[in-house]
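Going in written order, the chains are labelled A, B, C, D and E, and every chain counts its residues from 1.
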Amino acid sequence: MAPGTLIFTGKDVSGEPNVSLMQFNANEVKEYHLKDKNPPAAHGDYVTWFDIRGVHDIELIEQIGKSFVIHPLVLEDILDIHQRPKFEDYENGFFITLRWLKCKKEPFELETEQVSMWVGQGFLLSFQELESDLFPSVRERINNPVSRIRQRGSDYLAYALLDTVVDHYYLALDEIEERIDQLEEEVLGDPGNDTKAGIHQLKVQSLQLRKSVAPLREAIARFSRAEHPYIQEATMVYVRDLFDHVVQIMDTIDTYRDMINGLYDLYLSEISFRMNNVMKVLTIISTIFIPLTFLAGIYGMNFEYMPELKWHYGYFGLWALMLAILVALVLLFRKQKWL
Amino acid sequence: MAPGTLIFTGKDVSGEPNVSLMQFNANEVKEYHLKDKNPPAAHGDYVTWFDIRGVHDIELIEQIGKSFVIHPLVLEDILDIHQRPKFEDYENGFFITLRWLKCKKEPFELETEQVSMWVGQGFLLSFQELESDLFPSVRERINNPVSRIRQRGSDYLAYALLDTVVDHYYLALDEIEERIDQLEEEVLGDPGNDTKAGIHQLKVQSLQLRKSVAPLREAIARFSRAEHPYIQEATMVYVRDLFDHVVQIMDTIDTYRDMINGLYDLYLSEISFRMNNVMKVLTIISTIFIPLTFLAGIYGMNFEYMPELKWHYGYFGLWALMLAILVALVLLFRKQKWL
Amino acid sequence: MAPGTLIFTGKDVSGEPNVSLMQFNANEVKEYHLKDKNPPAAHGDYVTWFDIRGVHDIELIEQIGKSFVIHPLVLEDILDIHQRPKFEDYENGFFITLRWLKCKKEPFELETEQVSMWVGQGFLLSFQELESDLFPSVRERINNPVSRIRQRGSDYLAYALLDTVVDHYYLALDEIEERIDQLEEEVLGDPGNDTKAGIHQLKVQSLQLRKSVAPLREAIARFSRAEHPYIQEATMVYVRDLFDHVVQIMDTIDTYRDMINGLYDLYLSEISFRMNNVMKVLTIISTIFIPLTFLAGIYGMNFEYMPELKWHYGYFGLWALMLAILVALVLLFRKQKWL
Amino acid sequence: MAPGTLIFTGKDVSGEPNVSLMQFNANEVKEYHLKDKNPPAAHGDYVTWFDIRGVHDIELIEQIGKSFVIHPLVLEDILDIHQRPKFEDYENGFFITLRWLKCKKEPFELETEQVSMWVGQGFLLSFQELESDLFPSVRERINNPVSRIRQRGSDYLAYALLDTVVDHYYLALDEIEERIDQLEEEVLGDPGNDTKAGIHQLKVQSLQLRKSVAPLREAIARFSRAEHPYIQEATMVYVRDLFDHVVQIMDTIDTYRDMINGLYDLYLSEISFRMNNVMKVLTIISTIFIPLTFLAGIYGMNFEYMPELKWHYGYFGLWALMLAILVALVLLFRKQKWL
Amino acid sequence: MAPGTLIFTGKDVSGEPNVSLMQFNANEVKEYHLKDKNPPAAHGDYVTWFDIRGVHDIELIEQIGKSFVIHPLVLEDILDIHQRPKFEDYENGFFITLRWLKCKKEPFELETEQVSMWVGQGFLLSFQELESDLFPSVRERINNPVSRIRQRGSDYLAYALLDTVVDHYYLALDEIEERIDQLEEEVLGDPGNDTKAGIHQLKVQSLQLRKSVAPLREAIARFSRAEHPYIQEATMVYVRDLFDHVVQIMDTIDTYRDMINGLYDLYLSEISFRMNNVMKVLTIISTIFIPLTFLAGIYGMNFEYMPELKWHYGYFGLWALMLAILVALVLLFRKQKWL
C-alpha cells in the first residue's frame, strides 16, 4: 500500500461514530452532540474540542483531515489502531497518539484502546477507538466555571486528556500488584497448574505493557521538550509533571517484571521442594521395610537345618527384632533430619 | 583480497540478470524491459529507475559503476550479499542496503534477500539479489497518474522501495507471532521432542533476525538525519515515519525474544512437572505394596510355632488387614494431596 | 481528578500535625513549638525553618501554599506520600522530595517515610509524613553556636537535612548486609522453608529499595547541577559530596541484589544437593538388600529336588555368602565414591 | 617498574628477529631483507615499510624507538604482547595495536598474535609478535603496479594491513559457526561428556574473543574519526568501511554467544530428558512387577486353611490372573502416555 | 553527624602513625623519617612528598589539614576508609583516593587498603591506611638520579604512585585467574562441597572487586580530563595510559565474572550428571533383580498342584532361566546405552 493510504485496522464496527463538540472560554461553555457529520468551525475566542468516538468511518476522518489541513500520515496513524505511542509536531499543530489501559478482572486481562489527538490553534481533535466516552471527568471540569481548564488554551486541554489517560495506568498497575500478591499467596499456599499458567500469562502481559509504555515515555518526553508556538510555558510545568508520572509507571512495570520473574522461580522451587518431600518420605518408607522383608524372606527358606525355626518363641523374637530395627531406623532418619 | 575487489558472495546463478527500466514524471511513464545490457541514460526531466534483479554478473555491475561514477566500495557492498544494512552518503549520491525478509511456513523458516539502492540526481539504481520482482506494488503506483510518487523525485522513490521492504517485515512478524502461539499451545497441550527443537530454532532465528534489524534501524536513522542535496525536506516526514516503523519492529522482536525465552522455561517446567507426576504415582504404588508384601513374607515363614497360621480364618483375616492398610494408605496420601 | 487537586494518599491519621519553627543566624537561635496553625513569617536576617510533621491536614497545607506562593503541583506532591523522589526548581524556590528509610529487625522489614522540602529565600519548609521527629541531630547542631550550619543560608540547611536522610540509608544497608550474612549462614548450615521465604522477601525488598533510590540519585544529581539564585557555590561542594554518597548507596544496593541472587542459587543447589544425598543413601541401602532378598527367595522355593536345602550347614553357609555380598557391595560403592 | 621501562612479556624466543623493508611509489618497488639490524632511512619520495617480525629483541626496539623518535610508552606497548587493542595519535605519527586471530581445528582453539604499527610521515613500522609473515598478500599487491596501494601514502598502507587482519577474523568466525553447528548436531544426536566440555570451552573462548574485539572496535572508531595531518581524506572512506566490518564482527560474536548459551541450555534439557526417560521406563518395570510379586508372596504363606491352594488349577489360574494384571497395567500406562 | 566531622572508620590501631618525608629535584634527594609530628614545610625548588602511614590519629590529620589548607570534606574522606575511589579538584590542589588490592592465598581472600593523596603546588601528601610501606619501589626510583621522576613535578609523582597501585591489581587478577583454573580443574575432576563454597566466595569477591574498580575507572578518567594548573601536559600522556590499564582491568574482571558464572553452571551440571549416573546404575540393578525375585516368589508358593516343583531338574532349570533373563536384560540395557 502507498504510504498515507487510509485503512482502518481495527475490528469491523457498524454504526456511525459519535461526534461531540465543546466550545468554552473563561466565561461560557457550549456543548453540542452532533448527529450530522459536519463539525462546526473552530473560533478564535474559544477553545473548541471535537471528540470523535469510533474511528472506523474513513470518509469522516478524511473529511476532517481536509478541513483542518492534517498531514495524510497523521490520518493514517489515527486509523491504524496498532500505532506506537508518539508525539509529532507539524507547522500547523501537533499530534499525540497513545493507548488507554483497561484491566479486566475475571479472567485477569489487560486491554488497550487507542486515543489520538490533533492540537491546533484554539482547537483540539480527539479520536477514541471505541464509542464509549473515556473523558467524562474532563467534561465535568470544563463545566465547572472555576476550574483551571477554563482559563487555559487547547494545549492545556491536551494535557488534561493525557493526564486522564495516564492516571488510569495507575489503576491498572494496582490491579497487577494485587494479581501478583494473589499469585504469590497461591504459590506459597497450594500451587496448582493454574498458578503456573497465571504467572506465565502475567509475564507475557507485563512484557506487552512494557512495550507500549516505553514509547509513551519517549512521546511525553518529546512533548515536554517541544517548542511549539501553540504550547504555553505555563502548561509545560504540568507536562513535565506528567512525564515524571510516566517514568514512575515505567519503573513500577520494571519492578513488577522482576517480581513476576522472582515469583516464577519461587513457584519452580516450591514445586520441586514439595515433590522432593513426597519422594523422600516415600523412599524412606520403602527403605524401612526392605530389611524387614529380607528377614521375613530368610525365615521363609526351606533349609532342613535352621535352628531358629524350632525355637518356641522364635516367631515372637523375630517380631521383636523387626520392631527394634524399625525404631532404630526411624531414630536414625530423625537424627539425620531426613524425616 | 584488496578492498574494492568485486566478488559475488552468493550462490552460483546461471543466466543473465533481469534489468528493467522505468522513466516517469507527473505527466508520463515510459517502461522498458532491456535484454541488451546497455542501460539507457538518466534524463533531467524524469525520474529514472533502473531495477537490476540478480547481482551475480560482476561485469555488468562494474560497467554500471563506471557509467554512474559509483565508489568501488559501494560496488563491493552490492555484490557481497551478506552485507550489514547501512546508509552511506557520497558527494554524487547516497547508498542504502538492507534485507528483504521472507517467512516460509512448512517447515517454519526465515529467509532474507539483499536489496541495495544507489540514489543519484534524478535516478535510482536498485539491485535485488534474486530474479523475482519484489516491487510490483511500487510499479503499479508509478503507473497510477494521481499517485504521490509521480509528483516526487528519486528520493521519494527510494523511500517508497524501503517502505515496501519494511512493510514485509510486519508480515514476517505476524508469522512469528502465530508460530509462538502454536508452540505455546503445544507446550500447554502435549509437548514432544519436536516442540523443544521448534522453540530452539525459533530462538536462533529471532536472534539472527535481531542481528539484521539492529543495523537497519541505525541505517534508517542515518537516512532520516541525512542532509543530502538530493533529499527534499518533504520526503523527510515520510522517512521519519519509516524510522518509527523500524523502531516498532525492533521492539516487537525484543518482545518476541522474551516471549520465546518464557516459552522455553514453560516447556522445561511442563516437562519436569509431567515427569514428576509419573514418578510420584509410580512411587506411591510401590509404597502401598511394600508393607503388604512384607506381611505376606511374614506368613510365608516356616517357624514351628506361629499361632496365627493355625487359626481357621487367619488367611481371610490377613486379607482383611491388608485391605484395611491399603485403604488407610490411600486415604493418607489423599489427605496429604500426594494423590 | 484535576491535576493540582490536593488529596492526602496516606493512611488516616487523626490529631493535629505538629508544627515547629526555628529561626537562627550566626548570633541567635529562636525556637517555637506552635499549637496555633499560623506560622510566623520568614525574616530577612534569619534562616527560618518551618518543620511540619504530619501532612494529613489538607487545609493547613493549602494555607501554607498560599502564604509562601507555592505551585499547586508541589502541594499535590507533598500530600501524595507515594511520590517518586525528585528535585524541581521554580522561580521563587526549589522543591525536593525523598524517602526516609527505616529497617525493622524482627521480622526483617524495610519501611519508608516521605520527607519533602520547599526552600525559598531565607526560609525552608520541611514536611514529614509522620509525627515523630526525624531531625533531632540537625536541631542540636543549630543550637551549637560554632557549627557551620549557623553561618550558612537555607540552602545549606536543606543540604543538612538531606544528608541526615541519606546517612540513614547506610544504617539500613548495614542491616541488609547483616541479613544477607545471616541468611548465607542459614543456607550453608541448615536451610529450611523459612530461609527460602526470607531470601525471596529480601529480593523483593531490595527491588523496591532500588526503585526508590534510582530517582533519588537523579534528584540529587539535579540539585548538584542546579543554578538557582538561592543556592550558594560554597554549598555545592557539599551537595556533590552527597551525590557521591548516593551513587555509592546505589552501587551497594546493586551489589547486594547480585549477592541475594547468588544466595538464592546457592540455596537451590544446597537443597538439591542434600536431597540428592538422602536419595543416594536410601537407594544404596535398597540396592544392597535386593540381591540378598533374592537369595532368601531362592531358598524359600518348594522344589522337591534342591540339594543345598539338605546340606547340614546350608543355612549358615548362605548367611556367610550374604555377608560376603554385603561387604563386597559396600566396598564397591565406597570405591566408586557413592558412599 | 617505572612506566616506559621496556620488558618483553611473551615467551622466550631465541634467534634474531626478521626485519624486512619495502620502499615503493607509483613507479618503483625496492625490497630488502636485512640481516644487519641497521634499518635504512625513510625517504620522502617513497612509502617505506619496515616490517619487524619478532619483538623479543629489546635492544633493537629501543634503537628503532630512538631513530624514529617514538614515545617510550609506545615502545612499552609494542613489547607487551598482552596489550589491549588501541589507537593513539602523537604529534609525529600515530600508533595502532591489535590482535591477529587464528583458529586451530583439532582440538578447536582460538589463538592470537599481537600486531602493532607506528605510522609516520612517509613510513610505517609494523611489529609482528612471531616470525612467520602475516602479510604476504599485501606484499603481492604492492608488487602489482596497477594496485591502489601503490598510488597512496603510508596511511593507506596502514589501512591495508588492518584490513588484512580484520579479514582473518571472518575466517575464524566461520570456524566458530561450524563448531557451533557441529556441537548442536552432537547435542541433538548423542551428547556425551565431551560435548559438555566442548560447549564450556567455546563459551570461555567466545568471552575472550569478545574481550579482545570490543576495544578493537573502539580503536578503529578512533582511527576513523582521527584528524591527523598524515591521514588523507580519501583513506578515511576505507577506514569507515573497515569500522563497519568490525561492528559486524562484534554483532556476530554477540549472536554466537547467545547461540552458545542456547546450546548449553539445550544440552542440559536434552540430558535431563534422556535421563528422565530411562528412569521412567525402569520405574514402570518395577511398578508392574510389584503387585505380581505380592501375589506370589500371598500364595507362599503357610496358613493351614487357604482354600485356593487346594484347587487343582489354582496355580495356573494365578498365572492367568498375573498375565491379566500385566496386560491391564501396560494398557493403562500406554493410555496415560507413560510408555 | 555534621558533614566534615572527622571520624576514623577503620579498626582501632594503637601506636603513632609513621610519617616519612622526601624532598627531591633533578640534582638532590633529601629523606627524613620524622618521629616528631611537625612536618617540615614544602619548598618551591623541590618536590616534597609527605607519606603518612596510618590514618587513625585524627589530631595529626586535622593539623595537616590546617597547615595545607585542605577542605574539611577531603579530610573526612581520608579518614573514612570505606570511601569510594574518586578524583576531585579544588582551587589549591586535587585529591585522589583509591584502594590498594592484596590477594591472600590460603585461604583465598581479597583484601584492600585505602590510599589517598592530596597534590598541591610542589608537594604531595599521601595517606596509607596501614603502617606497612606500599611504595618502596617509588622511593627507589626517586633515589635513582637518571629516573624520569626526578625531572618532573608533584603531578608526575602522583601518577607514579597511582601506577604502582594499579600495577598491583594485575597481580591480584593473575591470582584470581589461577583460582578460576584451579576451581575448574576441581569441577571437572572431583567436585566436593568445598568447590561449591569456593565458587560462591569467588563470585561474591569478584562482585565486590567490580564495585571498587568501577568508580576507580571513573576517577582516573576524571584525572585524565582534568585541566588543573598543577598538572602538566607531559604527565597527561601517562595518565591516559593509566586509564587504558584501568579499563583493561575492568574488562578482565567482567570476563572473569562471566567465567565464574559459567563455572558455577558447569559445577551444577557436573554434580547432577554424576548423581544421575549413580541413580541410573542403582536403578538398573534393582530392575534386573525384580523379575528374578518374582520368579523365586512364584516357586515359593504352596499350591498343591504345581507340576514344575516335581521335575527333577526344575530347580536347576530355573537357575538357567534366571541367568538367561539376567543376560538378556544386561544386553538390552547396553543396547539402549543405559549401561
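What we mean here is this: contacts are C-beta pairs under 8 Å (C-beta built on N, C-alpha and C of every residue); 3 or more make two chains touch, one makes a residue touch a chain.
Just so it is clear, the model here is predicted, and its values are computed rather than measured.
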What are the chains that subunit D and subunit E both touch?
none
Nearest 5 degrees is plenty: how much rotation brings the CA atoms of subunit C onto those of subunit D?
145
Subunit A to subunit B, mean C-alpha position gap in Å, rounds to 26
Hey, how far is the Cα centre of subunit B from the one of subunit C, in Å?
42
For subunit A, residue numbers touching 2 or more other chains are 272, 279, 283, 286, 290, 293, 297, 300-302, 306
Write down the ring's chain sequence, where subunit C leads and subunit E follows directly.
C, E, D, B, A
Residue set of subunit B touching subunit D in the complex reads 1-4, 71, 73, 84, 86, 190, 193, 196-197, 200, 203-204, 207-208, 210-211, 214-215, 264, 268, 271-272, 275, 278-279, 282-283, 285-286, 289-290, 292-293, 296-297, 299-302, 306, 308-315, 318
Residues on subunit D engaged by subunit B in the complex (per definition of touch)
137, 141, 147-149, 159-160, 163, 167, 188, 237-238, 241, 244, 247-248, 251-252, 254-255, 258-259, 262, 265-266, 269, 272-273, 276, 279-280, 283-284, 286-287, 290-291, 293-294, 297-298, 300-306, 336-338
